[in-house]
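Chains here go by letter, A, B, C and D, matching the order in which they are written, and residues are numbered from 1 within each.
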Amino acid sequence: MSKFYAIIVGAGSGTGASVALRFAKSYSVVLLARKSTNYQPIVDEIRAAGGSAFGYTADAADPASVDTAFSQIDKDLKGVQLAAAVYNANAGFAYKPFLDLKPEDLDTSLSTATNGLFYFAQKAIPRLLAAVPSSPHPPSLIVTGATASIRGSAKFLTFAAGKFAQRGITQSLAREFGPQGVHVALAIIDGGIDTPWGKDRVVNNGVEDGKISPEAIAENYWHLHTQHRSAFTHELDIRPYVEKF
Amino acid sequence: MSKFYAIIVGAGSGTGASVALRFAKSYSVVLLARKSTNYQPIVDEIRAAGGSAFGYTADAADPASVDTAFSQIDKDLKGVQLAAAVYNANAGFAYKPFLDLKPEDLDTSLSTATNGLFYFAQKAIPRLLAAVPSSPHPPSLIVTGATASIRGSAKFLTFAAGKFAQRGITQSLAREFGPQGVHVALAIIDGGIDTPWGKDRVVNNGVEDGKISPEAIAENYWHLHTQHRSAFTHELDIRPYVEKF
Amino acid sequence: MSKFYAIIVGAGSGTGASVALRFAKSYSVVLLARKSTNYQPIVDEIRAAGGSAFGYTADAADPASVDTAFSQIDKDLKGVQLAAAVYNANAGFAYKPFLDLKPEDLDTSLSTATNGLFYFAQKAIPRLLAAVPSSPHPPSLIVTGATASIRGSAKFLTFAAGKFAQRGITQSLAREFGPQGVHVALAIIDGGIDTPWGKDRVVNNGVEDGKISPEAIAENYWHLHTQHRSAFTHELDIRPYVEKF
Amino acid sequence: MSKFYAIIVGAGSGTGASVALRFAKSYSVVLLARKSTNYQPIVDEIRAAGGSAFGYTADAADPASVDTAFSQIDKDLKGVQLAAAVYNANAGFAYKPFLDLKPEDLDTSLSTATNGLFYFAQKAIPRLLAAVPSSPHPPSLIVTGATASIRGSAKFLTFAAGKFAQRGITQSLAREFGPQGVHVALAIIDGGIDTPWGKDRVVNNGVEDGKISPEAIAENYWHLHTQHRSAFTHELDIRPYVEKF
């Protein structure tokens, strides 16, 4: 087992899985997801390839659940340090006109994108700080953003609320912890992702590579993690070559 | 009484009071605040000057409370239409290093800046839409933002979370309801405000007009409200001439 | 004649004419344009309404021409102080794919949007600074920007080059001269303008008020000029209610 | 010799040299600089390490000079295709109060940052397009920006003018040529660079890694170049961990 681990929250998505596989080339990998069926196939795949992986069931929106998971991780990975934390949790959101939305729709978006990031960062940041002297690359917290992180639009209101807030948190963390050696970055994913379960969704007229490859996202996250501390990127836009922007 | 009214949430602040007084020159004014002591002096001042004003006690962060207030307003101002809605509610926020924050600190910021705006807009937007054909100026929803609406920073994390989310909501509303004739705008107040209770706070080295005049903010809000629908401004920065930015 | 004057460069456009008429309500107005046929009708209209107006032929892109014009203005308006300067000069631009552009196409855009603003500001700023103690409103330099000030796009490359540079200059001037009491602002006009000669151009599906009213732009410029110095706006977006943004 | 080459304009700087060395690991490298003493040491270093490098004397601000250089390159590297073009040319700029600037100061900044990029892109883009079907990575045009690309400030006016315009051009190119398979990106270098000749300049209080490592910039450029076309980044901020932003 590596002396360092990466933790990925929201490991069940295409992005989460690819990021886990990419970071597993160098680190032990810890996967958090709401259901074990989300992380287990990835854990198995990493282990089959000779890597080290651990899955935990946790609800990112529930501080107690996150707390329990980290307590268990600290026991299971005793002596292993946190080199990279990736917050990739996503709640679905209500794609509706504003006047059809319920207060609960807003809560759902905020609880995962905003509160969940807050809880997770409170657990991750002290562990990342502790790894600053020893980590092979600057300990990193990478957050998965979206177009809605920088642009509100009709029917995306609750999503934008959560993603904007997430960006505000990420910027605040970057400015507080960058000078302490922790690299906090937001990846603004501006386009449809080519997930296994979304093969039928037509994006950019179905042109080849018109959806973002999760493996390509993972390479970008690894690049962010391995940036020299004299050359940190804080916000990285990622979009297909054919995307309008 | 005017055939139109403006509603101001967060009427107890320097900004809220000045906005109420400004809009009272043309409209009846409805003030919402958590405590009657916040709005009563302004109600009295407007009435003394021959204007029309009404105060309601409501907690912007509580949907039931907002709902009750609007039901009462609909009765009290029967036949009067909503021409302008100003969301100026502010919760205090915890000015602390991230690792000293509690989840409740985040909730406090979000509940007023984000959830409160959502509840308020759900009440205000249908009333503003109804006024489109008759209102002397495009019915308007104006939101009071801050530097933290566009910039996260250390010790401002919870404030930034709420204010970023508020901006995401405001942009989404602007894009959905602009084409229907409702003007939704965010005022980004980038500087200290010259409030009665903050006279001792030194800003910009105490230089004259180094704090933002609440009356000047109110003039800006009135300008936003009176913009022709062919020339809407959606985000307006406001800062003192001496402010670094 | 007023003790103060406003100067408008690019007075022949719909915007320039409306701004001149608006500012003429309070100030003497000086109009600069490449051809006297551009400014003379506006000069006549202002004078017919009892106002004070002066036209000068000058090429904004030519420093010697600008220099000559200001020398003449100083003589003709001896003792009158400059309260507001509006830079509204526009060269046409080559709406072409990049590989069809010539270096001269870039020069044309830069010479008016960028170099012209530079020359004009070098003449206007000292005169605005001189008026700080006496001007009824903070002496102002207002620049007419466009969507291309903040967004480059295919076929708009030369326009974007000039407009981006103009924004960089305007921001730099705002930060240098704001603390000295001069208000420098950029108006980002994001939409088609309803000019007399563009009546046939269909914008926003021809919907009513789908083009920006030049009079509405002029009201916005007057508002910028009359902002209290504790509450300056530095960038103002202006777009029709139906505009996608 | 590789079947592909990278061209770097402004090769004499710390950034240009490091980028050349990095790209020389995979490609032949062509260096353009105003003086052969700027590129020759890098050419020698690359050759000594077994790589392939060619230097050309050219003035980026002079279209004829750029034209001549490309004609010669086409002969010298017949059959070799252009995979990456890096525009890193920098003119000095006049760090002065606005009223002390001369029109020539603006011209100097624009001629290199803006006109020079235009000329260079007109030569590079057709060659990059030709390489789309064969290049191992999406053919790329990478432009070196600065803080002044996104922020104007006092004493940086001419620099901001050129860098803003450069950004407008880069965005326009990205939107026109991205869908054709060419990756156009702007790197926003926000901090002092650790160049050999600037060792004595104190940045960020002299803290270790408080200046940006040119090698780290080069790694970022290589990452941009090797991004999958489904996951292009168009603007990349780069700054030291201790930089205020």
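Observations
Note that contacts are C-beta pairs under 8 Å (C-beta built on N, C-alpha and C of every residue); 3 or more make two chains touch, one makes a residue touch a chain.
Computed from a predicted structure; not experimentally measured.
Any chain that touches chain C and also touches chain D would be listed here, but there is none. Taking only C-alpha atoms, you rotate chain B by 180 degrees to land it on chain C; that is to the nearest 5.
The distance from the centre of chain A to the centre of chain B, with each centre set as the mean of the Cα atoms, comes to 34 Å.
Separating the centre of chain B from that of chain D, both taken as means of CA atoms, is a distance of 46 Å.
Of all residues in chain A, those that touch two or more other chains are 175. Residue ranges on chain C touching chain D, taken from their complex, read 63, 97-99, 101, 103, 106-107, 110, 114-115, 118-119, 121-122, 125-126, 148, 151-157, 160-177.
Listing the residues of chain B that touch chain C in their complex gives 138, 175, 178-179, 181, 183, 191, 194, 209-213, 215-217, 219-220, 223, 227-243, 245.
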